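Lettered A, B, C, D, E and F in written order, each chain numbered from 1.
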């Protein structure tokens, strides 16, 4: 079986990371993975949530949305429905956790970094693309803080990226597009650091359980994909990546 | 007094209209007016609101949003607040009315066209840019219907565009950017057809009333701006504009 | 064509302004314009919204509602639906803007004046009647402040009133009743001061665009109507009007 | 101890019932009990809630609100808060139950009667005044149905009215005004028919329990008050009261 | 007519009060009245609502819920519906009032006692069982405060319990189960102290009014039931009851 | 390092599964894992969500809640806050997915099984206990359907259970209690079938990433725990387990 776009099972889609995509946020990245396109911005606010007041520590929180026109059938706007649905909440929490895990929050100072990931075109893998793009926006926002002299060095412990893996018609595939994802029996998101460590592993047997061997193979693919993504992140960050020792 | 960007008082900012900006919606336009950037999509749904069932008529409805990262200070996401604020509702209603007024709804059939205008970068005039861009997305969506043979001709009676005018430090200015808008004593939005007729006029003395003469001068500027915008719309639509007799 | 109630096209309906309609609010006015009846109250609160704290300035905010029994088909109560609809929000914002534009907020002190306009019987023109009536309630509330010695003089720069105009079956008409409003092709609300200046102009081609000449004729009618209303406001205010130099 | 307004402990305040207070609802009553003023309207809708579909039976439902300007300190508008508070819900349910208990719902047909009680001036006893006034509005709405030939006779089994009783500084008092109510140790609402039967008794020891003897005395006062109110309702209804055998 | 479970009309169902049912709350009681089972917990918080700040007084507030699986037809979860319905609010307010009326709030200190009554199995009389059980949980919570030395003695003025009474097929019955309640023409809840005083009496003629004699008979049954319940509460509290002089 | 309760790192807490814990739901289970106690009920409804109408297939949906008194600091009731928080939504979706993955939905018929998991005492691992208990309640509900002759055999493809694993102070531990969970650097939930297949794996490095070796060790512990739980489920189900070939 060959994939819809002719890719090999262990290949990710073409990746394009555009920094400074918009001008008002502290970091602003357009990430494209194949036809999936997400705007990731980072905005710094000089205060922290209630539970961190006077702790000297910072916080990172993430929000995620899909533009109504991003999907083939128009997606109802969550603000109009008056609430954020469960899937969105799950994704928001996932992005936030992923970024917090690789940042030294104690070195951020009492600031909140708001990460916003807004999908303008959806073709599968929007949550993983969001994490990968948001990392770059986050670095840019921290870099701006450093340039203003508000922090001494970027409080980043590792790079982080994320990719999806799945089992479609019996085959283990990396970086599923929407059509593949719709047919996947098992769907897994793997978030890793540049040191090949796991930040989060979430694997769901949507329609059927999966075996230990399946799990091992998916972990292998996930590592390949994340290594590739981290290469793209470094390339996009250019000299900043060197400067901060990534 | 010269304007921030050196423009004359009766000049609009550089306009750029990109069609097919994203691939999933039936019409998808990125409109840029200076630094203001709005994604306008149009999506066709094969049903109508309750009050039009079995009427044979169609409907156009619009929603508007600003990405959190589109503004200098991060804008709180309306879905997270759980409600759409008054300003957003006003703008949504304005866009919907403007587009309905130039469409022959009876010729649309029992369909709803959902217009979504999402600001990705804000620098004043987002509601008027939304209308101008949404018109182009709407034409594209209708054109797609026609190509599928679902309608015979585009149900469009006129072109429509919109521009802001205002009085800033005593001077009447066309197409205010954010900084000008913040200092404007009077703020007016003028929506016009290509036949120089008015679709909507809204002029507010934010801090002080304005005279009859002020009103006349603002109407004059509005006509200049809208004529210019309609030229840009025609150019963007290319052969379609001719084909449908715009 | 003659109008439903035999009025001339440039005539407003019979106006009645009853002050002190209820006893608990600081200002309380019943305004009747033909069969449209609105209770307008003004209540003074000794604090201001967050954005004005320590500014020394005051604020005016307005809320609007229709009693369920005010319309021919019972209007669903907004508190039961759990949200205020777009039309209500637009009207609330309009009333607030109109009153703020003619008040010297710096002379109000750090106080909020809450204006409440509640329609008890609706027959068209409820938003304009609200503004006209609310102005009188506002004067009464300020007068009470002055009598208590909390302000030295009434912080009112101009009088303000509002009237609707429209084009019904090709004729330009002043002060539309509900049935006329339902058939109007163009609907305009004009808010003016006693100095014949504009506070707000909102003209919408509900079903079709309108010409420059239409606009000029509607502005002419609007001025006639507002001059008449200001005469009624002065009469209702009696000696207070003189005393404060209106 | 004498009462604030010099009334005897077993006297109600002056009652005034104005029918046809507004013109759009099917029944519209202004009830005044002393300084408490409530607009009660009844609107007939030709459908029933889900649980009564195809039952042949009708329904009566009530909503209650206080205008923001009705109280000495402005009452926050429930529609703005986005929810109806517990007190309002309790009162709405109470009014609905009271009216349903004296109507032959089987003879109403599949119709819902919406009762709306809106307090325009509050001075204690608004819920009981609402019930007493709503009964008259309900009769008027049914009478309109009968005149249109949609029902043969008014489906009313009894008249119903309501009054408050309480214990203030050790004395048992009838029909408490706001100031008395604020000081009451025990507060009771008694809803009765013209046959001196109980529709609802609700007696709360706000700050302290009360004895069996207290309860007996309050029931005695409640009967006096309700008999008086029913006399006022009959007077207001005039010939209709006779015609329907009340 | 004999009752469903063979009880006499003046008999309550078997009562079982289990203290320390769960371990985390300050007081935790499972009350069973026949097949009705409610978990009542009391939690102490070291702050008071806004209106009591710096008053030195404490507060008691109650919340009530039914597990979805507690009823024969699954009850929709109120958190999923996004709001608490009117019946729940009424019950919450009733429980709170009942407990506050027998506590010396001035002796509680600036603390809030949160009472939570969660029905795990419903068979009629859940609100009255909640009050009876919550009293015991409240005593346990206060006892814990005393043991910690934060109060000197339990601030309880009386014991309180509650029971339902009704008229079913013409007979006056005590402590209705669900099936009896469904058929009751009159439904009354009676909350009393151990001194045979009334805290609250609520009697509703659901379908028909009731006579003075009916009311007297229901009050008699209510006293019997409450006396019995107070005996059970004392037994459950054991030595604590003596110690605090109940 | 030894664990708080002296357990070995690869030992689960004492498990107790009580069937028929309440009488109204179709399945009702109390599951206790150490001090964590959850009531799991299953209720059958004879209709399916919109997207399954006329598909012949059934659906399983789950809701989860914590009683306010279940935690050491009282948990705010979600119905009172008016919305379900992100954590709850995540858990609800997890439980639903887990149960759907092991049921043959096509054999359920057009029915929805509502699973409700309500935590009455929380000490860590409430989501995994919910899944383990809910499976038993689900079997009981299906068994009831079969006894009524509405299905021929239980549509269950595998058994399913869930357990938490984590890394606490450098040690890999099975079935974390609350205190251990609070200190865990990595937290993983593993849902497995009786055939040792994975239904879901979710492992999060809360504060730091984890290595491949860590992941392998946690998977090993998860299998031990789930095997043990499945033994308890079988024991609880008794002859039913045999009868349905589990």
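Keep this in mind: a residue touches a chain if its C-beta (ideal position, glycine included) is under 8 Å from a C-beta of that chain, and two chains touch if they have at least 3 such contacts.
On a predicted model such as this, the values are computed, not experimentally measured, just so you know.
Enquirer: By label order, what chains touch subunit A and subunit D together?
Expert: Output, common partners of subunit A and subunit D: nil, no chain qualifies.
Enquirer: Using the touch definition up top, find the fewest steps from subunit D to subunit F.
Expert: 2
Enquirer: If you list every residue number at the subunit B and subunit C contact, are more than half found on both copies (same) or fewer than half (different)?
Expert: Same-residue interface.
Enquirer: Quick one: subunit B and subunit F, Cα centre-to-centre, how many Å?
Expert: Centres of subunit B and subunit F (C-alpha means) sit 51 Å apart.
Enquirer: Nearest whole angstrom, what separates the Cα centre of subunit D from the Cα centre of subunit E?
Expert: Subunit D and subunit E have C-alpha centres separated by 29 Å.
Enquirer: Using CA atom averages as chain centres, what separation in Å is found between subunit E and subunit F?
Expert: Once rounded, the distance between the two centres reads 33 Å.
Enquirer: Using the touch rule from the top of the page, what residues of subunit E touch 2 or more other chains?
Expert: Within subunit E, residues 82-83 contact more than one other chain.
Enquirer: Taking chains as nodes and touches as edges, what kind of graph is this: line, ring, star, complete or other?
Expert: Basically the chains close up into a ring.
Enquirer: Please give the residue numbers of subunit A that touch subunit B in the complex, ascending.
Expert: 22-25, 28, 35, 37, 39, 41-43, 45, 63, 65, 67-72, 74, 77-84, 88, 114, 116, 118, 120-122
Enquirer: Could you pull out which subunit C residues touch subunit B in their complex?
Expert: 83, 86-87, 89-90, 92-93, 97, 101-102, 158, 192-193, 195-212, 214-215, 219
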